[in-house]
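The same chain A turns up in both complexes below, where it pairs with chain B and then with chain C.
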Partner chain A sequence: MRTTPLVLGVVSAAILVLPLMVPPYYVTLMLPFMAYGVVLLGFNLLFGYTGLVSFGHALFISIGAYTGAVLTTKLGVRHMELILPAAALAAALAAAPVGALCVRYVKIYFGMLTLAFGMVFYTFLLKFYRLTGGDEGMRMLRPSLFGREWAGFSKTAYLVGPYYYFSLAVLLLATLVMWRIVGSPFGLCLKTIRDNPLKAESLGVSVPRYRWYAFMISAVYAAVGGALLAPPTGNVDPTLAYWTHSGNVVFMVLLGGFASFFGPLLGAFAFIFLQDTVMSVFPYWRLIFGAILAFIVIVAPGGLMGLFARR
Partner chain B sequence: MTANLVNVLMGGVFHAAILFLVAAGLQVVFGVQKIFNLACGSFYALGAYTGVSAVGYFTSHGGPPALFILPLIVGGLAVGLVGLVVERGLLRFVYDRDETFQLLLTFALVLMLEDLIRMTWGTAPVSTGGLYLGYGQARVLGATVPVYNLIVIGASLAIALGIGWLLTRTAFGRIIRAAADNREMAEALGADMRWVYARVFTLGTMLGTLGGALVIPATAAMSEMGIELIVEAFAVVVIGGLGSMRGAFLGALVVGVLRSVAISVYPELEMLLIYLIVIAVLLWRPRGLFGAATA
Partner chain C sequence: MILEAHDLRKRYGAFVALYGVSLSVREGEFVSIIGPNGAGKSTLINLLTGVLAPSEGHVRFKGRDIGGIGPVALARLGMARSFQLVQIFPDLTVLETLQAAVVSRLGRGGRLFASLRGDRQVQGEALEVADLFGLADRAHTPARTLPQGDKKLLDVASAFTLRPEIILLDEPTSGVSTADKHAVMEILVGAARRIGLKAIIQVEHDMDIVFGYSDRIIALHQGRVLADATPAAIRADARVVDMVIGRGAR
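Moving on, here comes the complex of A and B:
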């Protein structure tokens, strides 16, 4: 563990100077990594720390992404500094009732219930064409960052410049906040609930209430990440809410390692870059990724972090 | 008016007949192995594509078109043997793991099978053409229904009865029910669980692939059909109750008919209605509406 600060420092410095060192293409690949990084930090509060596996997290990712699209195209709000809190608020409003219902269950029933809620939103996005744009989705206009429009920038220059550093700032902030959360008494309570709910209850911890808090926090993280996901592609569509997207989120966490704080970030990074590499040589990336997932589940449930830690 | 209503209902029942087969496969695996098999939709897609190929091979080698249902069934059942490979090759390593990992392993199967299907059959939809119309149309209470649809409904009913017979009247069925009830006890009494699991998973897979093969003459096979069907089969088993065969039967009817009615009355509601029912059932009766019995 003594090497952790050193590794973090090196990684942070590398990410900071990356746009100056590598071709823009790889810099733009960092954008979904940072967006999913935020999503997964929150997801792992639920999965790794509380022991609940959501199979409907795409619900909150898509709420965040659609919030951004609606704000920029329909309401004329272009400030990313306003879009992110709005996405967080929308997700919290949705997660309050959904979470309150879901946390009454654990394990497979929790997973099924979250999946069903995700699919409700998916079909809503798909079928209510006039509100949501149906299967074509909606455009996400270029948001302004740090109070500037960046009108003179080409799309690539915008993405690898201001948008890259904006995403990085959000990811760093999200990481710091999550670090504080998991280290707080609240985070310890969640771990107790994961390991022994009965004991937690008898120690005076209200298990459903803490699960509900964790659910809300993870939903807010997912929405912020989802809102970050939309500007690089320039549009949002219902597949963001589809159940396979939720499955990929679980996949990323498992790939990196759900048992460690930084595992999910590593998982997002590995997933994005591996997907890009595989797709460039072989069109059937799902085949390879399915095999990787099967390998992780059977042989290395600790994910990449688990492999490193064993050494 | 009645004709229209009968049409809608028959469409729903046809869909329910297919859904029942896939959901029954899901149930028997969940009942015994306690694994929620996300890949059952992929098996369904695999059966559908195999059915198209089998029928194509049959007719191009001089088989009489009227008998196309034979290669369809044989192909659908034969490709179900892939279940044996999956169980022995992958699933047997994770029986003592947390159910999250089991679920994710079946998700890995979903990913792999989807691309295997794309690699084998391409991305364009494939179909058997209008072959099934060769069986003619029947008039049911003023509505016109393809005879093939009636055959599939009949076949599904026969399979439902067959499963009921298998579970309640045969030695293997007793072992399945014992294993679903109490695995350790069944093992202690001498049932070889490796053998039971391999057979049960293969049976579950075959139900899915057969469902896919039977549906395909009436529609076209697309590579996304599996991941779309799994959420419907999921709705069926939740409404019916996880692990219950009777639940799969009634749940399939509820989902199939409701969906058909919703499409004809207010299309926007189609699946939304089903998921809202799923949520209501999960909250109100997590064991499902009919989820008293197991296996």
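Moving on, here comes the complex of A and C:
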């Protein structure tokens, strides 16, 4: 894997100069990519490194997004530098009890439990109209970035300029931190649990506790990504917590390849641009995506990354 | 007395697996447990390693009751085990497997942002054990691609990496070719000496291995201890030979 640093360097440089090279439309498509990139880094700590598939990650994405909306519209907090830690904290508070319960189960039971919690929160967002705005959701006001309000910027200029670079900075930081985590003694313990929980326990690794830590970290990542997702649309609504949104997260990871560290990032990128392309030519895009998913699972279980790099 | 079981009984509903088994293991001993299928060996192992709690009686390790305490607490107390069906981490390399055991022993699993590569103690100890078990030249091989004998060694080696005081080996040579069995045992016994293990308990079917390495043999039959004696005495015990060992096997 000596080519990895080179590829990373080229990709980073391309992302850095992208707003100068391509039309704003494509630059704005990079925003959900970067937001989901953060979500997926966390999701894959649970999936690729710990061996647990969550079907309820939309729960934490929506917690992050709604935290941003509540802070900007109701509490007058506009600093994105405050919104992100608040989103992380809110997710951690929710993930502590939810995770403690879910990690007692594995495989399909874990998946179903996480899905159930996601749907509970979806219903809460939908029905508690006064608190959450119900199906219309809430507005997400333009947050200030790097200590400035960017008041003179049009929405597009704001998104393809400061917001783009802010998102990129968050994604880079999230990537670096996750890189440290998977390369740490803690990361190794997670891998032992993924590969063989029985053996891990016999070596003294407390399986439920480590699963719980991984769950918390992945929830925090999901919320930070979720908070990044809201400003470009300017609105948050309950579909963020809906189970199909969780399904998209799983899809992205499978598309990119869960067995590799960068696979999920590639998956997020491919998903966003593929969705945009397919939607513009064919209204039934889910049909195409279903076929793609079936193809990946049967023919290329390593995802796109599995096609490029052999482990 | 490092490990002591007193009058262990285990019932599963109406079925009784053990009818009052007592045994003890002293420092420096290599003890083998033998018995035909259904004698209660698996249940006894599960009781001795704290996986199950006995219905009656107790198991004491270094004077502490370890009935049903579970594998994690057991490892921390200083008892390790290997499995009858080889247990490995398929996608981890030999070295990573051993590193995981060192990380666990040193209690460093909570280090979220520390570099595993930069941890000299973890790296060093893992390499040491790989060397001790003759796995050093396969240090970077994923465990799933190892030959069966090496998988078995890795399973045991990772248990040794915990530097336990006592180790319980569940059929350490099952699945290993007859030609390699003695080589595996020599490596095990040599490593045990180097690490300073206080006692080894093994459950084994291969009578060559049992008689070749044990200081003492405990024969189980239908949930009871049939005999508990030196290899020479066991060989001379007609009942054990008839019911457990089989005349042809000698």
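Some notes on this structure:
Just so we're on the same page, the second predicted complex is superposed on the first by the 309 of 311 C-alpha atoms of A that agree within 3 Å, B and C clash if a C-alpha of one lies under 4 Å from a C-alpha of the other, contacts with A are read in each partner's own complex, and residues count from 1 in each chain.
We take it that a contact is a pair of C-beta atoms (placed from the backbone, for glycine too) under 8 Å apart; a residue touches a chain by one contact, two chains touch by 3 or more.
What you are looking at is a predicted structure, and each value in this text was computed from that prediction instead of being measured.
In the superposition on chain A, contact of A:Leu75 is made with neither chain B nor chain C. Among chain B and chain C, the chain that touches a larger number of residues in chain A is B. After overlaying the two complexes on the shared chain, residue contacts for A:Glu201 are found with chain C alone; chain B is out of touch.
When both complexes are overlaid on chain A, the residue A:Lys127 reaches chain B alone and has no touch with chain C. In the superposition on chain A, contact is made by A:Tyr284 with chain B only, not with chain C. After overlaying the two complexes on the shared chain, residue contacts for A:Thr192 are found with chain C alone; chain B is out of touch.
Contacts of A:Gly111 after superposition: chain B is touched, whereas chain C is not reached.
Across the complex, chain B is touched by residues 53, 55, 101, 104-105, 107-109, 111-113, 115-117, 119-120, 123-124, 127-128, 243-244, 247, 250-251, 254, 284-287, 289-291, 293-294, 297-298, 301 of chain A.
Chain A meets chain C in the complex at residues 177, 180-181, 183-189, 191-192, 194-196, 198-207, 210.
On chain C, the positions that touch chain A within their shared complex are 70-72, 75-76, 80-81, 83, 87-92, 96-97, 99-101, 103-105, 108-117, 119, 122, 155, 158-159, 161-162. Put simply, chain B touches chain A in their complex at residues 36, 38, 90, 93-94, 97, 99-101, 103-105, 107-116, 118-119, 227, 231, 234-235, 238, 242, 267-272, 275-276, 278-279, 282-283, 286.
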